[in-house]
Amino acid sequence: MDKNIETFIGCDAEYEDSKIVIFGAPFDSTTSFRPGARFGSSAIRHESFGLEVYSPYQDKELTDYKIFDSGDIELCFGSAESALKDIEDRASEILNDGKLPLMLGGEHLVTLGTVRAAFKEHPDMHLIQFDAHCDLRDDYLGAKLSHAAVVRRCHDFMGDGKIHQFCIRSGEKSEFEFAAKHTDMHKFNFDGIKEVVSELASKKIPVYLTIDLDCLDSGIFPGTGTPEAGGVSFTDLLSAIIEVSKCNIIGADVNELAPMLDTSGMSTATACKVVRELLIAIASK
Amino acid sequence: MDKNIETFIGCDAEYEDSKIVIFGAPFDSTTSFRPGARFGSSAIRHESFGLEVYSPYQDKELTDYKIFDSGDIELCFGSAESALKDIEDRASEILNDGKLPLMLGGEHLVTLGTVRAAFKEHPDMHLIQFDAHCDLRDDYLGAKLSHAAVVRRCHDFMGDGKIHQFCIRSGEKSEFEFAAKHTDMHKFNFDGIKEVVSELASKKIPVYLTIDLDCLDSGIFPGTGTPEAGGVSFTDLLSAIIEVSKCNIIGADVNELAPMLDTSGMSTATACKVVRELLIAIASK
Amino acid sequence: MDKNIETFIGCDAEYEDSKIVIFGAPFDSTTSFRPGARFGSSAIRHESFGLEVYSPYQDKELTDYKIFDSGDIELCFGSAESALKDIEDRASEILNDGKLPLMLGGEHLVTLGTVRAAFKEHPDMHLIQFDAHCDLRDDYLGAKLSHAAVVRRCHDFMGDGKIHQFCIRSGEKSEFEFAAKHTDMHKFNFDGIKEVVSELASKKIPVYLTIDLDCLDSGIFPGTGTPEAGGVSFTDLLSAIIEVSKCNIIGADVNELAPMLDTSGMSTATACKVVRELLIAIASK
Amino acid sequence: MDKNIETFIGCDAEYEDSKIVIFGAPFDSTTSFRPGARFGSSAIRHESFGLEVYSPYQDKELTDYKIFDSGDIELCFGSAESALKDIEDRASEILNDGKLPLMLGGEHLVTLGTVRAAFKEHPDMHLIQFDAHCDLRDDYLGAKLSHAAVVRRCHDFMGDGKIHQFCIRSGEKSEFEFAAKHTDMHKFNFDGIKEVVSELASKKIPVYLTIDLDCLDSGIFPGTGTPEAGGVSFTDLLSAIIEVSKCNIIGADVNELAPMLDTSGMSTATACKVVRELLIAIASK
Amino acid sequence: MDKNIETFIGCDAEYEDSKIVIFGAPFDSTTSFRPGARFGSSAIRHESFGLEVYSPYQDKELTDYKIFDSGDIELCFGSAESALKDIEDRASEILNDGKLPLMLGGEHLVTLGTVRAAFKEHPDMHLIQFDAHCDLRDDYLGAKLSHAAVVRRCHDFMGDGKIHQFCIRSGEKSEFEFAAKHTDMHKFNFDGIKEVVSELASKKIPVYLTIDLDCLDSGIFPGTGTPEAGGVSFTDLLSAIIEVSKCNIIGADVNELAPMLDTSGMSTATACKVVRELLIAIASK
Amino acid sequence: MDKNIETFIGCDAEYEDSKIVIFGAPFDSTTSFRPGARFGSSAIRHESFGLEVYSPYQDKELTDYKIFDSGDIELCFGSAESALKDIEDRASEILNDGKLPLMLGGEHLVTLGTVRAAFKEHPDMHLIQFDAHCDLRDDYLGAKLSHAAVVRRCHDFMGDGKIHQFCIRSGEKSEFEFAAKHTDMHKFNFDGIKEVVSELASKKIPVYLTIDLDCLDSGIFPGTGTPEAGGVSFTDLLSAIIEVSKCNIIGADVNELAPMLDTSGMSTATACKVVRELLIAIASK
């Protein structure tokens, strides 16, 4: 009789054989408004069984690729630095083994852990961010390590011109001013993404893709800490993912599903579909 | 003092006088993911009183037409064949009386009962399906009678070229391959519907219309067992219904509302509006 | 140690200095379908702290303007006339002080109170209504003072040609017939709004703007008594607000959020954003 | 084919043959805290089909008695006096026909309508009230007709010593002082009920029983406008109902279920069971 | 890097070493009222991580015993016989290996599968049932295999005097009449359980314990298809479990948690605690 | 026109005149299972308006005492030490002014801040804890500052024999072992509380009372991170509060309401009632 192994649907290859390694980072201690993203990775894995492994959008099957799901890391609530250290270690291990880490959050701060690991391997890397929020605060109520400051923390070591932000529609005035000087910000939607991808792909620059699911319109993704009206549609996001997958992707994450906030379950179902399409897009390259 | 009679709003004509007869099929035993569609027909009837009888879209009033609502059939949970038999009997009785059955589901499997009845009367009939899912599996975990196989079961006796599928965006690879050979599948949206309707209407072919409400985007219709992002809007669906009503409609159904899954009630409200518009569209022809 | 003062985010100026004065009208006794709008104003104020004060849409900050929030009026449930009297008194006080009242409902009937007050000051005023429903019934089950009759009551004293209705997609046939004769109705969306605004703005006509949030599509605004599919998007509404702000606005209100009906909180979050954008649009003129 | 008749389970006798007549009073306009009791009667009727007709507590079957369910009265929201008039008329009709009215609320104010009707027939009647709240305010924010004043309004015409209150655990100080002088109040639980019943039964005094379901502990009945901890258990309530049924009951009601406030459905299920037991207790005498 | 193994907390022994084997039976197709028990076993496993492994009630730790959790069986929705066959096979395998099966439902019908398996091994076995409902119908709307008939089906082969029922407070009159003749029924609570256990334990009779969690009061366990007021408390149930564990237990199950029906999560938390206490009680014997 | 001041009902005295000062500590970053307690203090304040100021249990009115409500402190999520510092400062300020701090949590860790402040003033103080959980871990996943370790942290400086724990029914074995040696633990209920209070009161020992609302049975208090079946009733808790108020109370708190977890609102309503009774009990001494 077998033990009870749970993976994202179709991702049941052996670690050694896999090109992509999924892991969950169930952390949300710095969430300033409504917590719950800690349950995101687990819900995505669990509810993925309502999905098929076949994508009619890309006409490919997830099971045609080798993907390993190592489950959730056990993280310490209340200590952001400690949690980030554990995340960075896991991502580094995967990268060192020549594989691509795909992290499921968790709040957006977890991205700092994987980007630190990726930057060690690829100091020339760029970051593409899909998000409703700038995440460019210098601190949040004094905390340097906050979901609202995560991209600013990445900029601290990545520097100017390497961060490409899309769908942004919320933030403090100072964040937008920072972006004007230091990042490549595309407000409200994905306008300009083809040009960015074309440039990055042609130069084979290593790209890390971070998807804060609140880039989606709150109407189709209410299950998140700070839902924002005026976002992109699922098909917009899908097209953008497929576009970005033309780059040399070296890591990715999908964040900020807070499943309990949407009792209808549609947010979780949408997150699952985003993960399936992202996995297929990356794996099939 | 009168007994408490409940009907869909405005559908209080006598059976003998009516052109359309509504009945509910509260069954969801084969639902593979999240059950609850058994409560759909009752919720639609009950919540219809939040609607007006007038459609500003079609500039017509529901009360200008004779429609009878016979309530829900009492169905046996746990036995799909027995439930389908009872549904087929009810639909046959209505068809034999020269009336048009309009069934409220229930899970999508219930359509097999009414299509069987309709096919007996109209062996040349076509089926138009609005749905997120192919529903073309040969079986589901061994069960031939499953919501995921319902259109395949219809194909068993209807044969090739008679099933027109719209809005499809989920299924196994084999279902899409089956569709490529045996059905007229239109993926993702209603592209091509005018051509299909034009052909069917010009030949006065009897048409049965089955609407799985999950064809709608999950953002406007989360209250269903397997909500799917990337669907059509309410106005898209409304236009498609009005388009299809140009055909010789001989029966129709509206399925897969699971009202408890959407505590906001918007899914039920939308389902009511779909039913009102469908009734007016058909009745006014 | 300070008392606990709660305002809409960023609206903490002194009354004397303020151009705009916010107040809440927590009343929903005449709601015919699903009540709960009484909690709307309080929820908007409370949840506004999930917002930033900066609008990337208008590139302005709410805190650059002087706005006072006087909290909710205590209203008597069960007596519409008494509640309307209290609302009219509050609005009159604000208008008499040369300020602009911005009311947060409550059900839509509360608008009658502020429009009465505004009409006393500005007998040449026009009313612009964003709403899914006509609200033009002569009475509702015998009640002259009903949310479903509020605009009809305004017409009683405002007369023909002064009411401009947008996004209307629900009502009785007789209401649409009334509109054809007596109001300037634009069905379904904001088509024609530029022309209306151009005319009103050029003549400097005083304009009162009433926003029933159910003008929004039910997919992005389920948290309301009677959600209606087929509505406008948040960005449509935002553009319309900015357009209308070109007029000589003398009062405004935002109504019909019933926060408990949407446990995901996205409806409340959207309402907060509408209020922020409306405040900035009016205040910056 | 039959019309769709909905009754409380097992209550499908003809009016002429029935000893008890059920009707619903879907009104909650004066509810001061959380509305929703308007949906109570309908939910009780609808969900009663999860019950059996047999009571193991009383070892009797509901179907052994003739009971008629006339459905809900259509009441005007926003006008308490008008709604009370309609309720009084319905109750008077039933009483005039020599039958016993059993009303399903609605908020507690609806009891004033039936008690007025009962008092016209039986000026010597007593009122037994099961309730968490005194309901003895002279007015609520100026309104004489309020759920919080309903028993005070009954006292206006019934006079001293005729109102027996049980389970009371909430109210203003002045209400408790009023009770000390004018009513027979039993705080917190059913202590003293045997003595009260013994006295009333021995004198064959006509008794009207009003049950505000919030007498139950909030733990087993959260689905009500103002849930109160520290209440009685279901079995306490059941025993009290059976005790009171020894009196000469001439009317009764069950109020204040607000089904939407308890999405688990347990409050509605409990209300159904209370109604079944109350019907059997009265009918079997 | 390890695969993601999910078990009930603390139950991570190897199969060979284990005395107790947990498995889930996610089936609810015959549920007549509100479905959702299919998600029970998975929720119990998942949420068990909110528990400690130590029981202060029994002063023992779950991790002191060897228990294996084999996850959920994949069952075919819509075919009760097929599902029961799969359950029986799994239970037989465990029993054949000299281990004790502990099944997590699922609706109560699943018990028929394990009892069939247990009866093959132990034809002298008795069944102890904790339940609000008799489950003694001969059929339910024609279906012999129904959750409402499951104990009747067991009686079919076990015969008279071997079924001990506790906490029963709902059923048809005929079921109570059947019980009076054929089973040992204890209504409403656990009265008499010490005597039953004493008799069974002294004779070392093999005992199968089935716990329908709706034996608990609906106030503490609303998350079930048919919640019933008037049930036992958690501590009553705990005492009864510890009492029954004095018998020669050869199998057990815990059923009818429908987690989605209770969004507060307390029903799931309670179910987890029941399972922990049951495991410790049995394992420590 | 007045600013919008929000206080717990009836607590609107001036700071200088007040004996008791309420403040909220909206922090839950270390919550290990389900977060949301950050919204507890705000919900209690907001929903208190569904309460009366009069307690029939104590026959006293809250408005007879001078109490000031200073609102919520703004705390940094993600940094427990920083949050605790801010809480300690606020409590110290109140204590220094000769007033009694009454804190509304937040997760239970916040108690460490107030107890630190109280201990500075009263090094001989005792701590009385009502709680389902020991909260005696030495650390939680490495974090010394965790809600699961809060009482252990208090023990660090308070020492043996000064902590009195009641209602405890959950924890690791090692925590119970620690308690056996170092604290005065009363498992499951309030047994022994009269003796403890008698001893403390007779010696006029300063006592700080911390109430983790999960001491209540999960059936009446599901709205908390880790609901635990088998707890005390509301009336048990009320009696215990009144008993403890005989001591020389120098500070108190009420923690762990997570209002969003219980959409019925009964948990919040119960918390409000606990706070009212606690305030009256302390203030009237």
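Order of writing sets the labels: A, B, C, D, E and F. Residues in every chain begin at 1.
Convention: a contact is a pair of C-beta atoms (placed from the backbone, for glycine too) under 8 Å apart; a residue touches a chain by one contact, two chains touch by 3 or more.
What you are looking at is a predicted structure, and each value in this text was computed from that prediction instead of being measured.
Visitor: Taking each chain's centre as the mean of its Cα atoms, which chain lies farthest from subunit E?
Guide: Farthest by centroid: C.
Visitor: Give me the rotation angle that lays the C-alpha atoms of subunit E onto its copy subunit F, rounded to the nearest 5 degrees.
Guide: So the angle, rounded to a multiple of 5, is 120 degrees.
Visitor: Take the average of all CA coordinates in subunit B, do the same for subunit D, and state the distance between these two points in whole angstrom.
Guide: The separation of the two C-alpha centroids amounts to 41 Å.
Visitor: Multi-chain contacts only, two chains or more: what residues does subunit F have there?
Guide: Residue numbers touching two or more other chains: 34, 217, 219-220, 260, 262-264.
Visitor: In graph terms, nodes being chains and edges touches, is this line, ring, star, complete or other?
Guide: other
Visitor: Go ahead and list every pair of chains that touch.
Guide: Final set of chain pairs in contact is A-B, A-C, A-E, A-F, B-C, B-D, B-E, C-D, C-F, D-E, D-F, E-F.
Visitor: Quick check: in the complex, which residue numbers of subunit F touch subunit D?
Guide: Those in contact with subunit D are residues 49-54, 56-57, 61, 217, 219-220, 233-235, 238, 262-266, 269-270, 273.
Visitor: Considering the complex alone, what residue numbers of subunit D touch subunit F?
Guide: Counting only subunit D, the residues touching subunit F are 33-34, 168-173, 176, 187-188, 217-220, 222-223, 226-230, 261-264, 267.
Visitor: Help me check something: in the complex, which residues belonging to subunit E touch subunit B?
Guide: That would be residues 28-32, 34-36, 38, 74-80, 82, 140-143, 145-146, 260 of subunit E.
Visitor: Along subunit C, where are the residues that touch subunit F in the complex?
Guide: Interface residues on the subunit C side: 1-7, 15, 21, 42, 45-46, 68-72, 93-94, 263.
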